[in-house]
C-alpha cells in the first residue's frame, strides 16, 4: 500500500473542509489555534512513518490522553478496574452528570470525563507522582523524550474547569474516588494538556496495532488480549456521542480530543493520527473525521 | 383556640412516633442528636407563644435557612430573582444535578440546594459580608441576638459536602453564579448551620403570617404580596420531593430541614415550628410531619 | 364584595390579552374556536352567580374533567387510590412518559394524563358505564341536565391521540391498568370532551368551596377532609408544569384544560371559572390566568 | 482452522453454563423452551457448515430479525434511512421510551425496538405485503424455503405487547411513522416470530462476511460498503445495553434476540450463530455469549 501517495491525496481532498466547524474556545490556548491547520501521520507495523501537512506540529491532545491513562491503569490494576468503571457507551454528552446520578457514581466508560477521572484516581492511588509518570509513560510509548505538558493549558483548564470540578466532586460524593478531587483534577488537567504532534501520537498508539508491544523493542505495554480490549473500548466509546457514526463512516477503533486530534488503529497494520482543530457538532475534528473516512475508503482497510 | 392544650395533646400523641425514621448522619454533629427529641412552638399574630417538649433547645435549622435567605434576596433583588431561579417544584431529589443539566443551570426553585446556592450568590453580590448579614437578619426576625452559627456543623458540611461542591461548580459552569463557588459554598454552609430553637424559628417565621411585617414593631420585612409569594413557594416547593403529600396531609405552607425542623405558617393566624430529628424517606421529620398533621386536623385550620 | 363590578372591570382589563397565545390545534374542533373568546363566572357559597363575557358559551373542558373524575374515584375507592397514583407534582410535561418509566408505571399525580388514565381505569372497574356515569355525575354537580359530550371532539381525540394511546399501553405494560387500554381511552376521551360553560364549570366546582357539599341540597359529594385533599392536589399539581407560577401569581387551587378553561376555588367563599382559548407556553389559558391574577389582587383574597 | 473440533470443544466447555440465566417468559411460547438447549453453527466463506448440539432445531429469532429488516430497508431506502433513525448506541434499555421523548421520536438506532418499528414502517411504505416479503427475503438469504413465522408467537406478542404498542404510538405521535401503528406492529410481531435454526441463521448472515453477496450465487444483497455499515451498527448497537461488554469479550459484530439466539460475523471469514435460551441480565444468551467468547479466544480471530 502506497501510504505516502494516499495521505498526500487526502491532504488535497480535505482542503475544502479546512476552516469549517468550530475551534474549542473554552480556554484561550485552544481558541487561538488557527482553524485551517491539518496534519496526518501513519505509523505501520513495518516500522514506516508517513506524514503530511502539519503533522510535526504539536497540539493539545486533550481526551486522546484518556487512551494512555487507561492503558497505564490496565497495567496497574488489571480487570479490577471494571469494578469502578463501566464499559458501555454513554448515550449522552462526554461531560454529562445525568448518567452518574442514575448509576450511582459509576461512570459508563473510561473515555468520558467522569471515567477518566476515576482512571486518574486509580493511577494516583498506585503511584507517587501521577503527572510525571503519565508523561514518562507517553514519552516511552512515543519514543520521544521531548514530550511535555503545556502548563498554560493545564492552568487554564483548572481555572475554568467548573464542570470537571463538579464531576470529580460528584463522583467523590458517591465514594468512587479514593483521593481528594482537587488532586485528581490537577493530574487530570495535566494529562489533557500534553502537547504532541501527529507523528508522536501515531507512534504512541502503534502498540495497539502491534498486539500490545512496542515496535522499537518488542516490549509488552499490555498483554495482547488487553490491547484487544482497549481497541474494543475505542470503537464503542472512543468518540463521544458519535461512536456509531464514526464506526459507520471510518470503521476503525479511534479516540478523539477537543484539540482536534484523532488517533485510529488498524490491528496488525497501522496507527494513524489526524489533527485539524475545527470540530463538528459532536466535538470531533471535522476535517480529521473526513480524512479518516477517505483513508479507509481509499485503502479499503477497515475492521469490518 | 386553646393552642396550649392542643400542642400538649399532640405531644402525647406523637410519643409513639419518636425514635422512628433515621437521623441525618452525613456529618457527626447531626448524627449524634438523640432521635427521641421533640419540640413544638406556636407563635400567634396576637403575640402569644406556646411551646412544648424540647421547644427551647437549639437544633441545626439546615434547609429552613433557605426561607430566610430567599426573603433577604427578595428584599435585595425583587422580581429580578426569577431571571436566575425557577419557581416550580422539581419532581426530583433536593440535591439532584439532573434537572440542572436539562435546564441549563437554572435551578427549579429557591428551596432545592441548587436554588439556595444561587440565592446565596445573589446575597453575596449585594453585601460585603453575607454570613454575618444573614445571621443578623435572622436575629432580627427572631428577635433574639443570641442566635449563632454552629461552626462545627459548618466545618463538617464543608469537608464532606462533595455533592454541594459539585452543584455549585456545575451551576457556575452554566454561568449562573457571579461569585466563586468556594465563596458561595462557604456562606451557604454557614447559613445551614444556624442553631435555633423551635421558639426562635417560629418567631422568625411569624412575619409570613403577618402580611410580611414584624409583629414586634410593625416594620415591613417584605411587602404583603411578597409574603404571599414566599408562602406559595413554600407550599409548592418547601418540603423536597413530598410537597404534594405535605400539602395533602398538613395543608399549610411549610419549609423543612434535615436537622428535623419544620416551619409552617397559617396566614393571618400563626407560625408553628416542630423539631424531631428522625426523618422519613423523603427527608422530612417523621414525628414533626405527624404533629403538624394532627395540629391542622385538631384545629380544623388549613389554607384549603 | 361586589363581585359583579370586579369581574366587569377585569373583563375590560384583559381585553389587551385576548388574541395572544396559541389555540390548541391538535384537533380541528379545538383549532377552530375563536381565540378572542373570554368568559368568567363566579359562584359564591351564598348562592350567587356572577358572569361576564362569553360565560354562557360551551367550551371543551378537557383536563378540567380530571378534577371531576378524581372526585368520583375518591368516592368509589377512597384512600386506596394512592396505591396506584402518586400525589406529587411531576416536574415534567403533562403528557410525559419519562417519569412513568423511571417510576414503574405509577403516575406522579391524578392530574397528568397518565394519572387520569389510571383514575378512569378505577372508575371503569367499579361502574358498568363509566362514560354515562361521569356525565351524570358532572350534571349533578353543575345542576344542569343538559351537559353532554361533544362526540366530534371525542372522536377526533381518539383518531389523533397517539400519545395518549402510548401512555395507556405503557401503564398497562407495568400492570397499572386493570381494563384494556382501548376501553380506558374511550372513556377518557369522552370525559375530556364534555362541553360546558363557565357557569356550568363554576357551579360544578362549588362543592370544593363548600366543604365537599352541594350548595343546592347540602348533600356531601365527598367528605370535608377529602375536599381539602382535592384542593391541595389542585394547588400542587393542577396546572401542568406551572403550578409554582400559578400559585405565585393567582394563589388559589386551580385546574386548567387545553380548551382554555380554568376552574379555581377559594375555600369557604367561591368557585370561579374563566375561559379564553389562547394558551401560554405551559398550556394554560393566557388571558384566563391573567384574569384570575387580577381577581385575587383586586379582591385581596387568596389562600396565602 | 479446524472449526469442527473447536465448536465441539466449546460445546463441552459451555455445559456448566447451561441452565443458568432466565428464559424470556413474557409469552408462554418462549417461557416453555427448555433452558438447557444449546446449538452452534458456523458458516465459512469457503462454503463449509459446521454445527453442534441443537443447531438444527428451530427457535424464535426475535430481535435477530432486526438485522434482516434493516438489510432490506437499506436495499429499499439507502442512506435516506438515517433521516428517520439514528445510528448511535442508546445507553438505555432496548424498549425504553425515555430516549424517544428527549429526542423527539427519532430512535437512536435500528436495533432497539423503536428503531426496528421505524424500519418496519419503511418496508411497509415500500411493499405491498411486508410480512411475506420479509419472510421470503430471509428464505432467500438462508437458502431455505421452509422458513416460516411461528404464528402462535406472533399472536402472543400481539396480545401482550403493551410496551411495543406504546412505543409505536409514541413514535407515531412524533410523526415518525407513515403507516398506522396497528399495521406496523402486526408486521413487526411477525418478523420477530420467525422460526429458524442456528444453521439457518448462520447461513442467512453469511452475506455480511462475504462483502454483501450471497455465497450460493454471488448475487449482491447489499453493496460491499453497506455490508460494512451494517456490521459497524451490529458492533455499536447490536446487543442491547451491553454492546461494550460484548465487543470487549467477543470482539465480533453481533446481533442477539431474547429467544436466546446470537448471530456474529467475522468479515471475510465466517458467520456464526449460537442459541441457548437462558438470558443474562442484559437480555443476551448467557451460554451463547460465553460460547462466542471462547470461540474468538480459541481461534484467535476477532476484528480487534
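Worth pointing out:
Letters are used for the chains, namely A, B, C and D, taken in the order the chains are written, and counting of residues starts over at 1 for each.
The rule is simple: a contact is a pair of C-beta atoms (placed from the backbone, for glycine too) under 8 Å apart; a residue touches a chain by one contact, two chains touch by 3 or more.
Only a predicted model underlies this, so the values are computations on that prediction, with no experimental measurement involved.
When each chain is reduced to the average of its Cα atoms, B sits farthest from subunit D.
The two sequence copies subunit A and subunit D touch through a face in which the numbers common to both exceed half of the numbers used overall. Averaging Cα coordinates per chain places subunit A and subunit D 32 Å apart. Here the CA centre of subunit C is 47 Å from the CA centre of subunit D. Counting partner chains per residue, subunit A shows two or more touched chains at no residue at all.
By the touch criterion stated above, subunit D contacts subunit C in their complex at residues 96-98, 101-102, 162-163, 165-170, 172-173, 181. Touching subunit A in their complex are the following residues of subunit D: 86-92, 99, 108-109, 225, 227-229, 231-233, 235-237, 241-245, 247-248, 251, 253, 267, 297, 302-304.
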